[in-house]
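In what comes next, subunit A is part of two complexes: it sits with subunit B in the first one and with subunit C in the second one.
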Partner chain A sequence: MTVFQFSSPAWMVCPVILPVIAGLLCFLFSHRTFAIALAAVLTNFIVVCLLTGQLLVLGPMRCYMGGWQPPLGITLRIDGPALLMLLMTAVTGLAITLYARGYFSYRISDSRRAGRHQRQQRYFWPLWMLLLAGLNGLFLSNDVFNVYVTLELIGISAASLAALSGKPASLLASFRYLLVSLLGSLTYLLGIVFLYRSSGVLDLDLLQNLAANGSGIRTALALMSVGLLLKTALFPLHFWLPPAHANALAPVSAILSALVVKGSFYMLFRFWFETFQSTITLPALNFMGTLGAVAVLWGGVQAIRQHRLKLMVAYSTVSQLGYLFIAFPLARVDGGIPVWSIIIFMALAHACAKSAMFMAAGTVFLHLGHDRIKDLSGVRASLPITVFAYGIAGVSLMGLPPSGGFVGKWLLLTSSLGSSQWWWALVVITGSLLASIYVFRVMSRLFVIPEGFPLKKSESHFRLLEWPALALALISLFLGLAASWPLYILVHGTTTLAQVFAGGLP
Partner chain B sequence: MITTLIYSLTGLILFGMGFFTLIIHSHPLRKILAVNVMSTGVFLILVATAYIPLGEGEIDPVPHAMVLTGIVVSVSVTALALILACRIQETSNSSLPGKRQQGEVPEESIR
Partner chain C sequence: MSRTGKDHKQLDGFQRMLLLLVICMVMLLGYIIWSTPGNKPVLTDAVAQMQEQSGVESPVTAVLLNFRGYDTLLEVMVLLLAVIGTWSLTEAFFPEQVSEISPVQMGVVRLLAPVMCLVAAYLVWQGSHLAGGAFQGGAIFGAAGVLMLVTELPGLRTIPVPPLRLGLVLGPLLFTGIALFCLFITGDLLGYPEGAGGWLILLIETGCAVSIGLTLASLFAGGRPDNEFQGKNSPVSRTVSGDRS
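== the complex of A and B ==
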């Protein structure tokens, strides 16, 4: 059996196939949904660890499905960025799965409307499994059209998840989310049409080797980028994100904010820095950087103005996504560490911190029954671990050392000052200041205990609600100390990228 | 060549019309239909792309496969969007209990 050998590229198929099977089984056995989902997420994590070992030993790999070669067949590809995204999804997904278990069992234990919560749980697991399959497929696929299919899979399951709470506000938000994601993927598909017309291939490697620079390719890239930007919610295309993320159930908000926006962003990163890097011009990179800078400031100001905790966290996502785009114009700088690897690193740090923050916000919401920021006082006494997790996630969002957010921002600052583009550094610093304002505004409420406040004991079934959030927050904190490790994988696993960036961008 | 151009231009115009309607109108059903018109436009361009002759009597089969996949996706997304639109209408109607008890149909649902 050569398939099960360590060096076999067939392992790559598992992260896509396993969640699909688990999702279908969840529909069949509706009483054991959590066990099935947990098994799938754990196996996925183990397989991704195995893939990490494979990548470090053997380097980037490709898997040709059914033995068909690229122009006809479907190719899966794994390299540094793809592996780190898979790892991010596996770790965050594991924590979110545990948290969702705690979340639903807490809500079902409440006798009011238990049937409704049971129904929500029954549909959550299969949808989450399908979403996981779509995300893993997106990170592994090496074909423009497969990316379209996985984007649609992600869009459909994400919109259904966002609608799960059944409240009118969340239904409206999810309807809008579905339409926006549909508009994004149709624009992307139109881009594929232009691409196919002018080049005749869809495989990313073949497209990169072509290095064509006609008007057709440029139109195609513009259309595909606009479609992906709409899904990534970069300012000014962010309007759909805060209502959709804030009105969903807490585990769903964590999934949407931490993973789903990263999927489309990852493809954008691939196109701009690998496949079409010969087409990209400096004004285009600067344009992206400017949009990112406005997103950082606008999202930060809006987050400060919000009265509800979950809306504040959602606007913080808009702001943090901006940082990823500020790094675009800096990628031309030839420093010690290539700037494009910072982009992936910051995406990792944000995924851990933001999902921890949404989980903490969800626990606070469950505990109090609301999330109005001005009435949050005293939560520290009853939910100490959750407040701790919120604080640590906030540290990473603000960019204080030694968190992952700090390393990302530090690298951004040094490369922007090193290339005498100081205006980006100014935006990064102002953005961190805004982040510290909105994080501390909530922290100060959480820590105030009014006189005569009844000190309740923390209930035992909060355990599964509190610890996953804390674990993710700690990961985002210590990602800063272990920063060299993911950066090593990035550089080690991408010989093509390393060759391209050996002398900076052309 | 001229046939391909006509089909492609029609597809682009359909895409633009759908986009315009999606932005301008607020009614959910109109928005869903607009997205469908847009996707039809993209599929038309794809089919026209397939007509570029490869050799003697051959046409490119890859765009056909893409159109088929696209149709499957668009059907399922339309179904989901319709369900969501129905749910939105139900929940917004139930928030008007007076009208519902009298058995009246609210005006919005007729329009």
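== the complex of A and C ==
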């Protein structure tokens, strides 16, 4: 059958359809839900690997839903950035799925509240699977309205996941998260109304070719950007993020911080650097860069001031998201490495490092029963692998070589100095300094073993809790060493943005 | 909030400023949308041209389930997600004592509920050529469920969970299954085979109408069925009061 051939574009629907089926089955059955989810995540990973091969051999592809070409139908599209985001989701998702298994089986083994934890696990799997489908659908979508539908899928499942822990603090935070997310979606939808009225099409390619610069398009872009920024939690719209991310269950925190915010960010990136590229002005890019710079500093300072580990990691997300926006004004710089590719690269590095860090924080919480930073002494003795994972993830967040974070920041520095916009370089350096303060503040506690400290041995079912975090942390570390490979092709193969998008990134 | 009731109705300075800002914003947006030239009917023409190939006569159904069926597939998942989300949060609330329901209400519901289900089925059928379809039919079906919930029919408390879950998942699962079936037959997700479009769309709509109706009624109940997590080891005596007459 033609569907199963290597060159068939139909493979593209698998990253959406597989998790959807898994989510439905996980809701339907009450047993073996982990097996269903694991099968879906593994198959998703294999299909994404196949898509990588496809992209390298055949170049960017499009898949028309129902065989209807645009403007009538919906198109899925795969190219460099989309594929890298899919890979990021597949790898991080696999690790998070394993970690969640370990997390829930550890908590259910505690007989006091086994019923509640069973319920949490029962609903975690369908919600997580549908969230995964939404994310993959978003990365693949080439239609403005379809993006709205996937954003809804992501928003509702993410808010439900955040509320799963059931504690009053998390209920309040996730309710606020839901409202913010809905507000963002509706603003985005209002933008679509303007866009549709002034252009009459919804397909991203057609919109790009239209290249209209009327007030309708500009209003639409502004509305859609504000909606997406609200979901991405760029300063000053970040207020909902720290409580929602810090009070969720550990695997959920990892999902929210590593993947969910990247979804809306990715769409913003698409709009600003591809679809509406001709509408974007330099002041607008500078404005985004400024917000990003404030986010880096504000998030860093707030992270240092926190007393709880998970809140600190959540504020670190606010700070790290700022870097992605600092790259915006630099992306117009000619010559050298196209800076926008750094944006995607940094998003990858952050996803791996941040999910590893949240997993490590969650394991520490399970082990100690709290996550007060001042009482973390001696964890190294009982959870060496977790502390190791935390440290390596911290290396990537600080931007020390050879981590992925280092390469991203180095490229930001060189391009800001090269274009004589030294103030961005100053922010990047200060941000790294702040990051090293908040990472080391916790690290020093973790490593100190007080005299006469009872040496608890790590329990055996901590294996699934410790190794996925370490694997992700190592990936974020070695992403820096492997960075030359995609960047080499970028620098030598292409010069302009349009060509790179046409030719695929890796 | 230690405000008195009188203060509550008055806006403070910040709220006034916010209100002014919102009004200005709305006026600005209204001006912009009024001043942009109306949209060129690219899509309307395209839909009209392809109508015959879609397998249905109603343009709305053609767009929803054929041209942009992928959107609807994901949208159906969003509806299911709403139920999963509420079920994960809390149990459905049923008052401890069944309050007195007036015989008039009982009688009306007994008359109305079957008729509403019939209307729902008709709306789904009508969707192929007139206004109607899974969402409209599902809404009526859901309303029938809400009526029964309000009347506190005793059977509703003890609805076994597996069939309820199956009903909720039926539409989305059927939709996904047909989408994949089309993928294997024609090579396009939701690319209906020549001539089979009408029947497949009706099948999808029927399944989805059932699921949407159950979804809406479950959302009204406001939580998961309370007998879900008391399965094996604690056989709770169900409060089935036998007055079904």
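Following the convention adopted for this analysis, the second predicted complex is superposed on the first by the 485 of 506 C-alpha atoms of A that agree within 3 Å, B and C clash if a C-alpha of one lies under 4 Å from a C-alpha of the other, contacts with A are read in each partner's own complex, and residues count from 1 in each chain.
Note that in this section contacts are C-beta pairs under 8 Å (C-beta built on N, C-alpha and C of every residue); 3 or more make two chains touch, one makes a residue touch a chain.
Model, not experiment: these values are computed from the prediction.
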item: Clash or fit, subunit B versus subunit C on superposed subunit A; value: fit
item: Which superposed partner A:I192 touches (first subunit B, second subunit C, both, neither); value: first
item: Contacts of A:L130 with subunit B and subunit C, given as first, second, both or neither; value: second
item: Partner chain(s) touched by A:F365 [first = subunit B, second = subunit C, both, neither]; value: neither
item: Partner chain in contact with A:I156 - subunit B first, subunit C second, else both or neither; value: both
item: Touching partner for A:L182 - first (subunit B), second (subunit C), both, neither; value: first
item: First (subunit B), second (subunit C), both or neither touched by A:F145; value: both
item: Angle, in degrees and to the nearest 10, that opens at subunit A between the C-alpha centres of subunit B and subunit C; value: 30
item: Subunit B versus subunit C as contact partner of A:F388, first or second or both or neither; value: neither
item: Touched subunit A residues, subunit B compared with subunit C; value: C
item: Distance in angstrom between the closest Cα atoms of subunit C and subunit B, superposition on A; value: 5
item: Set of subunit A residues, in rising order, touched by both subunit B and subunit C; value: 145, 149, 152, 156, 159-160, 163, 166, 171, 190, 193, 196-197
item: Subunit A to subunit B touching residues, read off their complex; value: 145, 149, 152, 155-156, 159-160, 163, 166-168, 171-172, 174-175, 178-179, 182-183, 186, 189-190, 192-193, 196-197, 202
item: Contact set on subunit A toward subunit C in their complex; value: 1-3, 8, 10, 13, 16-17, 20-21, 23-24, 27-28, 63-68, 71-74, 115, 118-120, 122-123, 126-127, 130, 133-134, 137, 145-146, 149-150, 152-153, 156-157, 159-160, 163-164, 166, 171, 190, 193-194, 196-201, 214-216, 219
item: Partner subunit A, residues of subunit C touching it in the complex; value: 29, 32-33, 35-43, 46-47, 50, 66-71, 73-75, 77-78, 80-82, 84-85, 87-89, 165-166, 168-169, 172-173, 176, 179-180, 182-184, 186-192, 229
item: Touching residues (chain side subunit B, partner subunit A) in the complex; value: 15, 19, 22, 28, 31-32, 35, 38-39, 42, 45-46, 49, 62-63, 66, 69-70, 73, 76-77, 80-81, 84-85, 87-88, 91-92, 95
